[in-house]
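Note that the chains are named A, B, C and D in the order they appear, and that numbering of residues resets to 1 at the start of each chain.
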Amino acid sequence: MTLLDFERAADAVLDAASWAYVAGGADTQVTVRANVEAFDQVWLRPRALGSASDKPDTSVTVFEQRLALPVLLAPTSPQRLLHDDAEMATARAAEATGTVSIVSTDSHHAFPEVARSVGSDCWFQLYAYRSREDVAATITLAEEAGATALVVTVDASYAARRITTRRAGFRTPAHVDFGNLRSLGILTGAIPDGARIERLPLTWDDLEWIRSRTGMRLVVKGILRAEDAERCLDLGADGVIVSNHGGRQLDGALPSLVALEQVAATVSGRGTVLMDGGIRSGVHVVKALALGADAVCIGRPYLWGLGLAGQEGIEAVLGLLKDEIEDTLLQLGVGSIADLGPDFTTRARFGSGPVAPLAQGDDL
Amino acid sequence: MTLLDFERAADAVLDAASWAYVAGGADTQVTVRANVEAFDQVWLRPRALGSASDKPDTSVTVFEQRLALPVLLAPTSPQRLLHDDAEMATARAAEATGTVSIVSTDSHHAFPEVARSVGSDCWFQLYAYRSREDVAATITLAEEAGATALVVTVDASYAARRITTRRAGFRTPAHVDFGNLRSLGILTGAIPDGARIERLPLTWDDLEWIRSRTGMRLVVKGILRAEDAERCLDLGADGVIVSNHGGRQLDGALPSLVALEQVAATVSGRGTVLMDGGIRSGVHVVKALALGADAVCIGRPYLWGLGLAGQEGIEAVLGLLKDEIEDTLLQLGVGSIADLGPDFTTRARFGSGPVAPLAQGDDL
Amino acid sequence: MTLLDFERAADAVLDAASWAYVAGGADTQVTVRANVEAFDQVWLRPRALGSASDKPDTSVTVFEQRLALPVLLAPTSPQRLLHDDAEMATARAAEATGTVSIVSTDSHHAFPEVARSVGSDCWFQLYAYRSREDVAATITLAEEAGATALVVTVDASYAARRITTRRAGFRTPAHVDFGNLRSLGILTGAIPDGARIERLPLTWDDLEWIRSRTGMRLVVKGILRAEDAERCLDLGADGVIVSNHGGRQLDGALPSLVALEQVAATVSGRGTVLMDGGIRSGVHVVKALALGADAVCIGRPYLWGLGLAGQEGIEAVLGLLKDEIEDTLLQLGVGSIADLGPDFTTRARFGSGPVAPLAQGDDL
Amino acid sequence: MTLLDFERAADAVLDAASWAYVAGGADTQVTVRANVEAFDQVWLRPRALGSASDKPDTSVTVFEQRLALPVLLAPTSPQRLLHDDAEMATARAAEATGTVSIVSTDSHHAFPEVARSVGSDCWFQLYAYRSREDVAATITLAEEAGATALVVTVDASYAARRITTRRAGFRTPAHVDFGNLRSLGILTGAIPDGARIERLPLTWDDLEWIRSRTGMRLVVKGILRAEDAERCLDLGADGVIVSNHGGRQLDGALPSLVALEQVAATVSGRGTVLMDGGIRSGVHVVKALALGADAVCIGRPYLWGLGLAGQEGIEAVLGLLKDEIEDTLLQLGVGSIADLGPDFTTRARFGSGPVAPLAQGDDL
């Protein structure tokens, strides 16, 4: 009945190492936790007598595409860790729910295969491997497969210190592969054990070059400062994703929601602002939207669904979020997402935070 | 000796599902808890040598009615869950204590029956079911039964996500009925299992229309913003109840006490401001009054008394609150509630919060 | 080695009811705890290379009397609960240490007896019982016995809600009496079980009248607001004690240290400012002095000493405090208390607060 | 994999008394803990697309000396408690890693012996014992042995209240000696049991005199106020170490990181600012650098390494820190330490703080 139920259920079925990989972050994980806790310091201010509709409109338009709910599926990998259908399940769940899955460069199934399997728009997430030539080839692969937006991740050029994951002895299992990297020839032969194919450390020049290479919508993922967001737009990007990579790159990076406020205040009206990090309920989604996000992305929550029941599991997660968003809008007295704004929030710190309601069958 | 004793005793005697219904709120219950915690961040500033009376005056006048204590009984339902006498016990306890019970549209006993059983003024709480015709009939029912005030609840037009209640498997028991809804023909036949009779989502137009339909005092319940409170008064309402429905509608709504400050600052002098949410002691009542409430409403606390001992239980709760309010006024050095104001409070956050005193040998 | 050691040792030897009486406060005891916690949000700013003395001067002058340390013994009763020597032990310990014991109107041993037993100045604390005539007689008793200061308690005119004490079944034991009340004829016959001799609710008029009745130094105890402190001085009082009665009167009253800052800022230079409430170490004493107190009073801490070893126990407590104050001054780089001021403090809130070091013999 | 692993491992192998000496601080240890917690309220703001280097430059120049990482080894003693090689191991580890060990006046091995054993620059920390003559002799000893900088500790002239250490029954073991004090004739015969050789309480005059006595770089350690830092520089000092002596001197002293911000804002550009206290990771180091430190010193962390494996252990600690600093710079998008500044930080308080990652199967 809440996303926490999915989390607990997924924790129970996944092996410890895979769970550590999904749940863990960098080092002591302060950012992983602060991402979530930041939402608990924002409170909602309902408007009385505001809406007369039983069914508030949860849809948003992102790059001319109408999404049934303001929640995209963030690029993650390796999804095959969680379910054999991997990105196929994710893309289908997104299509079935009326949203977008952002397919990772590191996906198990190659992007063209994923894109073909659904009728709706697909976005492609770009990691820059080895050389500009390889990057160009990767972009071409995405374009030819019909991607409508290119999401360039700029906060994961370097491997992070994922202590929990290493402690749990995580290794990429044998049944996981990297479809795009194979088809591009970036990966050949066996998957290097524990090693990592080097990524290009991206610069503003690289971003400008990428912009010049493609007509796809360009979204920069991993922005935490207003001035960086502005520079992306100046350079021709269509939007940014405010993100600290789910707390998986820099332990101690400021929470996404705190960064969102600063970025949205500056960028508002000039480009699309998405955010991810710490979203665990529809109430959280609405808080992020009120503070300036055009839509949000989720990562771990849909992976819980994927791990539990493949495409159906993800649809259940998205369905729950849609219900919660509708409910929140209703209770706030707004008929649609466009009505939200910062005056729907106030900031205050109270003691004990959220408590997970007990699972069914638990004795109260 | 404290309301917490009543809470624990009630928890011990009630079945788990009923308890979950009474105690629970929306989703993760952050607002349920924050309602209470907000009081712990407000501290009282006693005035030295101020009062020379042993018996401070705890009475307040609300709509020309003198109440012996500034605590009204908020509309709740189904009270029959807790005691067979339900709203009859509540109304009689209010009368015996010199205060007002606000009877819910959803009461087990029909309002005329309740109103007849007491000699004092009664208030009626309005839920708007099905159509304006039905609403008009409901208002007429209240008026003809002699209600002096109509409390229009505007924050519960839509069913909320009450996870805890659902987890506990709560269902309305067979011995609970809805007297008003029966007599109005809104409910016929068996009580729909788990379902809910649809309420009209109320708008400002509806409120204006209600205002035009009745000469009763009009109070709008569920206001959390100053601008909404002002609009209610502009429209002819006599007062508002600052409330987030006890944290039962929107998980993440700001605490009532925080909202009270903002509303009272604006509305002060123009209309009556009541509040509910989080009151667990006479000290809490005094804090709310100092921050601008003309009186407060309690919900769960009197239900604990009702569940434990019917009318007597509620009288015990109200008696304890009256004692605590008197004591607080004495210790503050004020002779009556009219002397209170914001300068009797200061805001600060300290660590550990209240601890329920228990002594060795207690078996609570 | 710390006051907490005394607390734990005293808890171990005292019966539960007496302990509850000493340790407890009003209701849920938020103010009892906040009194202490307020000190943990104030941090000290040492001055480098400031003092060249091995032995900083911990003495202060209060009303022309030189005290060896800036710590007075607050009026408490019934001290006989803790030790047969009661106020005799306390007064002697104060004399031996070079400070002042403030003897309560409710003392077991009559004030003249206590005053005679020591060679140093004694202060008398006044509760106003029954009538101005009785109050006049009480003042005369103090004057004739040589009291140099009269401490009028203004925050305990009314009995407080001491839940913990009642839960523990506390009753004044048979071996405890009230020497002053006997000799004044205010108490005759058996001690009323559970009852309480009514006190006069004091007003500003009463204080003015008291001022006119005596040439003793006049100190008003129980002040929490700057405007009240000023009015006391305007009226001829020589000083105030900022106090919430150790959290024993109003649960939710602001912490003494928070009130001290406001009072000291206003009264500074015009009269003497003492404070009590929450002091548990010499560091706490120095924080209070830096924030504007001329000296502090302790209550519970010396009662722990009294309960453990009578006069010697109190001397041990005062000796420890003196050592800790000396050490704190040394580490701050100041040679005497006069050098302290608000710039030696800064306010910040960090997580975990103080941890009681383990007792000797405990395995680490 | 984190410094906490070293801490836990060292706790496991050291005897309880030695551990208490190393880990403990003054009294209730609030400053010990706040030193660390202060870092958790500072969050980092990564810069996007900023650096194109795989290997960010962690080196800094302090007094014309290039250090491979911005972490010096603070003066500590008695290091022999932890390992027979004591300061020899520490100096060699510093040299091997490309940084500086600051050797204490209280070292086991005499400074000349330590300085000779390494080829790199050595710093000497000065405690002022007995008389100016002895201090002059101590300075000469350091100069003649080739020390390039003299670190005058000004916050430990007086013994502190180290309750935990005393409770643990710590005594300097027989195999620990004080090489410098022996060679200077300050210590002769047996080490006084529990006693302490008196130190001169240093004044500004003393500091001026020290400045006039030596051409070595002069650094003042134990500064917590901006005005003191300025006065040091005015007086001819080359730098300061912002420090509360690891919380070992004054329980309640403000956290080093809080003091650093104030000091750095004032001193910036005029002299070198180092800091110590609470550093437990490379992220912490970077936070301190961003807030104005030119480099930091660590104490306890390298002692854990020393206790576990002598020189190798310290090298492991420094290696881990270097890796973490590199990683943090990479993730922040900066190529070198010179790029850091206050705009890389933001201050916010979130709930739960860092959690040491442990995985199933770990037996730590």
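The rule is short, and it goes like this: a residue touches a chain if its C-beta (ideal position, glycine included) is under 8 Å from a C-beta of that chain, and two chains touch if they have at least 3 such contacts.
Keep in mind it's a predicted model, so treat the numbers as computed, not measured.
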| item | value |
| --- | --- |
| Copy pair chain C, chain D: interface residue numbering same or different (half cut) | different |
| Between chain B and its twin chain C, rotation from the CA superposition, multiple of 5 degrees | 90 |
| Approximate Å spacing (C-alpha centroids) for the pair chain A, chain B | 42 |
| Computed distance of Cα centres, chain C from chain A, in Å | 59 |
| In chain B, residues with contacts to at least two other chains | 40, 349, 353 |
| Residues of chain C that touch chain B when the two form their complex | 16, 20, 24, 27-30, 33-34, 37-38, 40-41, 154-155, 157-158, 160-161, 163-164, 166-169, 201-204, 206-207, 220, 222-225, 228, 232, 244, 249-255, 258-259, 349, 353 |
| In the complex, chain A residues that touch chain B | 1-2, 4, 40, 42-54, 281, 283, 287, 323-324, 327-328, 330-332, 346, 348-360, 362-364 |
